[in-house]
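A, B, C and D are the chain letters, set down in written order, and residue numbers restart from 1 in every chain.
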Amino acid sequence: MLDKFQPLSFLIQNHIHDGDQIAMEGFTHLIPFEAGHEIIRQGKKELTLIRMTPDLIYDQLIGMGLVKKVVFSWGGNPGVGSLHRLREAVEKGIPTPLEIEEHSHAAMACAYQAGASGLPFGVLRGYTGTDLAKENPEYIKGVTCPFTGEKLAAIKAIRPDVGIIHAQQADKKGNIKIWGITGVQKEVVYASKKVLVTVEEVVDELDTQNQGIVIPHWLVTGVALAPNGAQPSYAMGYYKRDNSFYKQWDEISRSQANFEEWMNVHVLSKSVNQIP
Amino acid sequence: MEYTKEEMMIITASRLLQNGEVCFVGIGLPSTACNLARLTHAPDIVLIYESGTIDTKPHLLPLSIGDDILAETASTVVSVPEIFNYWLQGGKVDVGFLGGAQIDKFGNINSTVIGPYKKPKVRLPGAGGAPEIASNAKNTFVIMKHNIRAFVEKVDFITSAGYLNGGDERRKMGIPGEGPQCIITDMGILRPNPESKEFELTSIHPGISIQEIKDNTGWDLKISENLAVTEVPSLEYLHVLRDLQYRTSIAHTHSQK
Amino acid sequence: MLDKFQPLSFLIQNHIHDGDQIAMEGFTHLIPFEAGHEIIRQGKKELTLIRMTPDLIYDQLIGMGLVKKVVFSWGGNPGVGSLHRLREAVEKGIPTPLEIEEHSHAAMACAYQAGASGLPFGVLRGYTGTDLAKENPEYIKGVTCPFTGEKLAAIKAIRPDVGIIHAQQADKKGNIKIWGITGVQKEVVYASKKVLVTVEEVVDELDTQNQGIVIPHWLVTGVALAPNGAQPSYAMGYYKRDNSFYKQWDEISRSQANFEEWMNVHVLSKSVNQIP
Amino acid sequence: MEYTKEEMMIITASRLLQNGEVCFVGIGLPSTACNLARLTHAPDIVLIYESGTIDTKPHLLPLSIGDDILAETASTVVSVPEIFNYWLQGGKVDVGFLGGAQIDKFGNINSTVIGPYKKPKVRLPGAGGAPEIASNAKNTFVIMKHNIRAFVEKVDFITSAGYLNGGDERRKMGIPGEGPQCIITDMGILRPNPESKEFELTSIHPGISIQEIKDNTGWDLKISENLAVTEVPSLEYLHVLRDLQYRTSIAHTHSQK
């Protein structure tokens, strides 16, 4: 294994700093839970967290009081209801006040694309007549087509300090393979200044004949082996989504006290898996 | 055969979908109605989820918008930017099928906040794909349970544009899609008045009274001159729906770790 | 087979009209030669032809006097030299004068993306200081980032009347599969008002587990079986690029008279392959 | 061992490339030089062609930018919009390696027309990927045969920006890449003066005279105070290059129909 392969604890310690803007992506699929848990264990704080769908992992980071601001486009527990920690932080400042920067999915995907493309903004036909645009003029602006005169929405590019993704496989050079729902995994890798990847498995050679995307190794800052690192979300070809746990989370996270107790037992008292 | 109000709502919604249509599907009730249509009268309906899964044919309902079953049964899976740019904004979607927390008499939907945006009473999950589905799909259908908190004179926050303040305001603002064609509830079907774009009751479900609907609607709901009574769910639809929901609940209850 | 499957002659006759804007794409790979030859045989004229790399097929259409305007970003015979028919049409109006609309690859790819995305224009950081922008202000304009004030290039979206591509496979519903270099095949399909596809083979079921892109059947106006329909370019998995012929074309096409003789023998006197 | 002027040019160019660099490669001479570097001192150089083929390792030279051999030996193949947006414009390319028909003393390249644009004397193939390679790659290298028609005081048409009118004009216009670092010819190596950005002769190939180079340059070429003599091609490089070109010519001559 080359130097690129490091234990997850080492990668988080060396590449994540208090106050960083971090994007941990994975659209329902391949959510980097293990990496998120290690950030919690290391107590990185004052974070700005970027993610289209915050999901349980950001609910946990927010509930632990590590987050200053969240940038998102849909902040619920999919198919279940609210993210209670996110909601209580926004509504009541528990455990700490939380700034939000809020988009639609289409706009946020566009902002990632702009970031990946080295452009300062993205263009979409959207937001017309809606209140998100009215309430947030600092990050949703207009731009006029120089050919037709049509007024379109402009969205500021997203360029995270660190992008973190979970993938199915890496080869020994650190090339990464993802298949199934790829969401904005590619865009977050291209848009981020540093890129950390956790993987289910390290293989001798990636099967490039099969469907999926390859992230070339020289775009990757560090790789850590983290089997089951996306649970309770899923990794196609490895394990299924634990829908039952997503439903249980509604109860676990409803009160701050109950949440903290659960985190103590299930996250804080555990140590990260390491490459043997 | 007896049926619940929710079953009536879902089956009514599914029957409005045509075979061969390309539908951009929200999770929850829209997803249930669209899959029921696919398993009954519309086997060639094309279901697209915002996770990038195109033409999916799940044998049970996904809990989230990106469950593995959607990817496994899709004709093709594309990235999230592609689904929003090339499919939705590119004008390739016939019907956008949405739910929401609040809707007003002009079909504007709120899924963001109850109370002021900067100081919310209730913070809801937010926009997701809805604003652009509502503006860029050729037509939109909405499915929501009828109650006085959800059906309001004016939404607290316009997450997704319906007809805005009514009349031709939507068209004048240059929004490409035609807007919401109907709201299917557990009590009836509401459709927009062709001129004012105010939603009116056009069909009432059997066993529901007009007064009951008015009591559950936060504006002075007009009743169409041609008010119809919605068709009772057939045995076939009830069987298929219950079977689908039963299989789904089994699958989602047992941990798959 | 469904109605979507028709002989190529039928598809060209019914869907291509004099004066149409047509994009026949395929970036070196999968160039729709057979479809182009059928357009020549049917004598469709006054065409506006759009293609990043005109290649031999547009050289042939131009030499036959069927083209009013060509929209392109690199008009050579790859690795060999000039496209002599294109060049003589531009320099001397032989056989007829030819309007050109000229881009860089990056800008033209961006214009296809804008068309595919239903936007009136695309944005890129490019053209700064170059003469293409100075000479062509009607289709290369500027746009200012509303967040940073940076001035970027704006390029008008491409929305062809008809997009034509060649693909490896269709299934019986008309879903299309392409693998290998996919160029802007996807973009031209999404951007075009009508889409015609020629394929090497019709299969019972597409292998969606393998690498490649799928074009869903309901985006396709018509499909024709055309084995070897991309020769002398290539179809990965079926046949290789005939680099030798690309070199020979330099000689064949050098004079209008010689070119016409060759076209008579090799294109005009042949009839299109048809579905049995 | 004897060698041709073209071999000298290609080998010199290849030796300027570092192992591990990400190179965006034009077809023809740049592609030959880059693959020679890969087969000698830079086995981990990453070659990207504008056809979307990333990290290709062809065992013979492609004739076109999209030959099958590029796709077959790539780590991954992406779409053309992606290669230009995410790779080139996204700032992921270390070295852009270009050729051209004309170059001027400030490194501006013309591959569009000789004569006026609207009434060309010679219509050349045009821009292709060059303008954005020249502007968005971190550095650019240029390889061109030295002759008086190609090396001109001022190009007829700026297809790809070098230093424009020299000095800091390029930077002032906001072009992100550093610009052309060197022009490798069959007679020597030219590099820009740090201040004026005018290209000067910094290395001369063995057996070539300064006068010969001046006679083949269309501007009053300045000679660097530290003029070097270029290293003679090693046997290894000559062997590898000739073998590569021989295998290529066999493959491209025989029709593969």
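Everything below uses one rule, namely that contacts are C-beta pairs under 8 Å (C-beta built on N, C-alpha and C of every residue); 3 or more make two chains touch, one makes a residue touch a chain.
Everything quoted here is computed from the prediction, not taken from an experiment.
Counting C-beta pairs in contact, the pair that comes out ahead of the other among A-D and A-B is A-B. In whole angstrom, the spacing between the mean C-alpha positions of chain A and chain C is 39. Averaged C-alpha coordinates give centres for chain A and chain B that are 28 Å from one another. Each chain gets a centre from the mean of its Cα atoms; for chain B and chain D, those two points are 57 Å apart.
Annotation for chain A: residues touching 2 or more other chains are 113, 118-119, 124-125, 150, 186-187, 208. In chain B, 85, 89, 136, 176 are the positions where the chain touches two or more neighbouring chains simultaneously.
Of all possible chain pairings, those that touch are A-B, A-C, A-D, B-C, C-D.
Contacts from chain B toward chain A in the complex involve residues 27-28, 50-53, 62-68, 70-72, 77, 79-81, 84-85, 88-89, 112, 117-118, 120-132, 135-136, 157-161, 164, 169-170, 173-176, 251-257. Interface residues of chain A, counted against chain D in their complex, comprise 113, 116-119, 175, 186-187, 190, 208, 213-214, 216, 218-219.
Those residues of chain A lying in contact with chain C across their complex are 118-121, 123-125, 139, 141-143, 145-148, 150, 152, 154, 156, 208-212. Looking at the complex, you find that chain D touches chain A at residues 20, 22, 46, 54-55, 75-76, 85-86, 89-92, 136, 176.
Touching chain D in their complex are the following residues of chain C: 27-29, 52-53, 72-76, 78-80, 82-83, 86-87, 90-91, 102-107, 109-110, 112-113, 124-132, 135, 150-151, 180-184, 186-187, 231-232, 234, 236, 239-247.
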